[in-house]
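Next come two complexes, and both contain chain A; in the first it sits with chain B, in the second with chain C.
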Partner chain A sequence: MKRLTLLATAALASGAAAQPGPAPTPAPPLAVEVRQCGICHGRPEFKQVDPDGTVRTLWVDEGQLATSVHAKWHCIDCHADVDRIPHPPRLALVNCQRCHFPGNPVGAPEEVNYEGYVKSVHGRLRQAGNAKAPACQDCHGGHGVRKPSDAASLVHPLHLPQTCGRCHVRVFAEYTTSAHGVSLLEKGNREAPSCSSCHGEHGILPPKENASAVSATHIPETCSNCHGMTEFNLRYGIPINPVRTFRHTFHGIANELGSVRVANCASCHTAHNILPATDPRSTVNPANIPATCGKVGCHPGANANYARGRFHIDPSSRDAGIIYWVALFFKILTVSTLAALGAHIVLDLVKKLRHRQGATVRD
Partner chain B sequence: MTDHLTTLERAVAEELQTAHGLDAETAARRAADMTPRLSPRFSTWVRRELTILQRRERRRHRAETPRHRATPGGREFQRFSLNVRLQHAVMALSVIFLILTGLPLKFSDLGVSKAIISLFGGPDVSPIVHRVAASLLIAVGIWHLVYIAATREGRATFLLLLPRPQDAKDAWQQIRYFLGRTEQRPRFDKFSYVEKFDYWAVYWGMVIMIGSGTVLWFTNQFLKVFPKWFTDIAKEAHSDEALLATLAIVVWHFYNVHFNPHKFPMNRTFITGRISEQEMMEEHPREWERITSGAPLGPADSRPVEPQGGAQ
Partner chain C sequence: MNPSHRHQDEEIQRFTANELAQHWVLMITLTVLALTGLALFAHGTFVGRVLMAIEGGMEARGAIHRFFAVVLMLLTAWHFLYAVFTERGHRQLMEMLPRASDLAGFAGLLRYYLGRTPEPPAFGRFTPLQKLQYWGAGIGSLMMIGTGLILWFHTQAMAVLPKWLFDVTTIVHGYEGLILFILLFGWHLYIVHFSPGNFPLQRTFISGRISRQRLWREHRLEYRELFGDTPPAADPPRSNQEAP
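Now for the complex of A and B:
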């Protein structure tokens, strides 16, 4: 109670104008001193049977709370709607914005991206009344909130797939067996992408929306954050720059020019089940190429010919095979032709200009 | 007479002749007489003044007499028939559209490419424009083959366009002329080696572009029979030859027909099909001799015509 009052006073002192978020309002006078939450919630056997028969534990692990970033706060600092004991059976969802807003007086991290969340697919569904859509505590944890850099945090890159996977079960299953998932989760390679590396954090948008980092128009750019760097690619045994070479295919050109119909990275490599072409499970394994290219709306009836040739061709590299030689032939033809024609033009131009001048000033 | 004079002396002599009305001999003597006495600084000044005067004179002269146009009442020659001009027009139009909807794909990372493609309806519509223009180009190719096979004029023109040993000799002499090794320019017939090169370059371009373009147009059908690398070759060849053809047209063809100092800024022959007798004598002397010798005209020969009022 003392702390809450302190907080409210501090908020008032800091000036109301500087507060975009709702300031912690002074709580109504409490009927009892709410200090004794642990009497009930401190017991692991404290449970409740909901009307539908499900059993909910009401136990709050004080150890978890004590190691969280909110250890110094009291229960009612967040559960502000508790003004008497026993409190009403269902409390309101804790509003994190009470503290986490820019210019907040209590030193809570301000970089929390509420606006992004509100506009995100999660925030929009939540606002539309979908109780299954995640709020802050669904990803960050309720009582055990830790910094994302903390290895025990639910949103630490190594834990994020499991956290997202609680809802996105099938995606989680695909991801964990993919090259990215195996590298991150099994080998602990922190360079490998977790969910947020591609999808973003708070402002996650569905891939169908143009602004999404994984939309058809943005996916090459998103993949190029890693696969656009040659050293990076070489480190993982990818000899060519997959994004740059994609950019020079008809797929890549149409994509760059704004076509959403045309194949992008994920169309062939899938979104989550990304595997090297050598893996028989990969959609870009030669055996699977006909099925991958033959998707509805792409190249129906694709056969094994689609796999007979190279992909992600760099015509200036010897690895391109016959394409290298074709490109070299045209390079030589173009340079030599234009050199000869250019020389002819220069000689002709000099002669014609001299000729005009020659009528009067002779050299 | 003036062979023994230095450049400066010759220039002074010339000026004495034109400005002071002296006869050539007196002018040369005076010039030789006076110039050695001039200090180097003074002679530089004289030379510069003369150059400025001469330039002014030339400009006046040029303004008064339009270059390379039919002198009033002078004869003109019908160099290209309407059939040929229409072939050229359709081809030029289709090639312009093909370049505009094609090259931006080769340079898709440039901002201007995106702007041009959206001008043609974006990535979904501009490919259709490209294919319509390609169909026009294929049509004009067939039209031309029929023309050179089935018409008297076409057959005779084609024969004139066939490369001959004389073309290599002409090219060699032209280079020697450029370099000042000879004063004698090669004497061309109706088609010089430059024009023959342009004509045959189009064959090469048409074969490569239409061949590879067809593969790219019907990729799904071709892939039923051919491996993917076959379509990859088509893509590479289409893209590379497109650039070569564009550069050849914009640099070489445009210079030779429009942008060279004798024709700049535009030669109207591709519209009217006509050239002046003066141009005929300078650029196609062999044909001009043939035509004016009184011998019967061949079906491909340029015909003398009365100058049109409208055509300058």
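Now for the complex of A and C:
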């Protein structure tokens, strides 16, 4: 129970605990071990009924804490506002930055992207006073913080969808039935993207903001992290490079130039409900193409004819059929035109310059 | 005109004001269409990026391109009416029609370039090379208008055309535009302005006039029709051309 031992100063223990002020860091020399937090918080039935009737458990699972990365720390190392026993009914949210700052002396990981979090949509909402917006412990866990690489971590790629899904319920439902979600969660394929693969970790920004990894102008780049690699695509039965072929379409060019009106990857494939075109639930299934292309602001009046034919064509590949041959014909025509006209210019130039030279000599 | 008249810097009217106006509109229109088209065709290259920035980005570029496409269509209609329904225009069109003699003219020109004959062949009002420029630009423009309309009204076109035809249209519009660009901004400009004797600027497209010396040299059959077999006086010194 040493872990859960609350150490307080003798002054506090003697009841002269009137001095206000936050607990300094590092804590002052602790003289007497007065109480054990576990006396109360170690009992599973320890709970509190809030005025509004909600029951909150106040139990701290010792086992969970013991296997967390913070096993060696004492309660008040994090709950620094506990300066007397019994402590006030509502403690402040633990401030992880007490340890996790660059150059900290206790060896806490420093790579935590606080700045990114503060600027993120989560951090901004939190600062604006939205108590539902996640703080560190909402995603990483309170007493059970584990390394992200630990399979039991809440932010381990295999658990992350569930963790994010506690708030993003609808997105979680869409994702779990998508090609990505099924591959990761059901087949355990670690190559499949979890939430953070596309959205980033601490610096998550809303898609409407240009700097977001999933904004209209950044999404092709984000998807190309995987789908830009031909051998990756082939492994999953995708015969063409979807990002490269997109880049050469009008959509792709306009997108590259910063147009947010034009279709990006997610406009047709959706953000989370991504499925192969062969799947009848897919937005790019031929049966659904008229509705997908015909979205408001895109191509109103799109009909079944839109679904006939192939998309993501690479005109420089023979697989493109007639498109390849027409492109080849025009490439040859362009080069021949250039060569023929260039040859004429050279012949004409040589003749006229010689003629002029001859005339000068004759003169 | 008096064929015996041999005033030194005499020029004769070769094109009417109407024809010159058509050429000016075409020149400006195709220049803007080429530059706004190239911005898209050469996307991802330095040239493409510079053009795109000058043209104000994707949407502005498209708006400019479509505006001048309408100008080109109006000009095409104007030219068609001119060539079919006016006497002068019709005569020009007849002169412009390709004939078997043009092939012989090509061969003769090639022999002259290679030094087999001392003189270039005698050409009429329009040389085979000029006919090639006219028909190249004309047919090219019609192709650009046709494919361009499909691309402009893509939402409607995609509802009836097969997808492959739409893709082919995109490719034809891009490459045909590039070929037209090479034809007009490379070859045509060389022949008219950059070739020795014409450099730096041949003024016919401004004045509509041509010197008798040039007419004798480049359109001898037409000269003979107008002035008979008597060659013009020597070139006036201020005219920019090479010795015959």
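As a convention for this text, the second predicted complex is superposed on the first by the 317 of 363 C-alpha atoms of A that agree within 3 Å, B and C clash if a C-alpha of one lies under 4 Å from a C-alpha of the other, contacts with A are read in each partner's own complex, and residues count from 1 in each chain.
Here is the rule we go by: a contact is a pair of C-beta atoms (placed from the backbone, for glycine too) under 8 Å apart; a residue touches a chain by one contact, two chains touch by 3 or more.
Keep in mind it's a predicted model, so treat the numbers as computed, not measured.
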Overlay on chain A: chain C relative to chain B, clash or fit: clash
Partner chain in contact with A:Gln137 - chain B first, chain C second, else both or neither: neither
Partner chain in contact with A:Leu349 - chain B first, chain C second, else both or neither: both
Chain B versus chain C as contact partner of A:Leu338, first or second or both or neither: both
Chain B versus chain C as contact partner of A:Gly301, first or second or both or neither: both
Touching partner for A:Thr176 - first (chain B), second (chain C), both, neither: neither
Region of chain B that runs into chain C when the structures are aligned on their shared chain, from 8-16, 26-34, 44-52 or 260-268: 260-268
On chain A, the residue positions that both chain B and chain C contact, one per complex: 247, 250, 253-254, 256-259, 262, 299-303, 305-306, 308-310, 313, 315, 321-323, 326-327, 330-331, 333-334, 337-338, 341-342, 344-345, 347-353, 356, 359, 363
In the complex, chain B residues that touch chain A: 7, 10-11, 14, 50-51, 54, 57-58, 104-105, 108-109, 113-114, 117-118, 122-124, 175, 177-179, 194, 216, 219-220, 223-233, 235-237, 240-241, 243-244, 247-248, 251-252, 255-256, 260-262
Of chain A, residues touching chain C in the complex: 247, 250, 253-254, 256-259, 262, 293, 299-303, 305-306, 308-311, 313, 315, 320-323, 326-327, 330-331, 333-334, 337-338, 341-342, 344-345, 347-353, 355-356, 359, 363
Chain A residues touching chain B - in the complex, by the definition given at the top: 247-248, 250, 252-254, 256-259, 261-262, 299-303, 305-310, 313, 315, 321-323, 326-327, 330-331, 333-334, 337-338, 341-342, 344-345, 347-353, 356, 359-363
Complex interface listing, chain C residues touching chain A: 40, 43-44, 52, 57-59, 110, 112-114, 129, 154-156, 158-164, 166-168, 170-172, 175-176, 178-179, 182-183, 186-187, 190-191, 195-197, 242-243
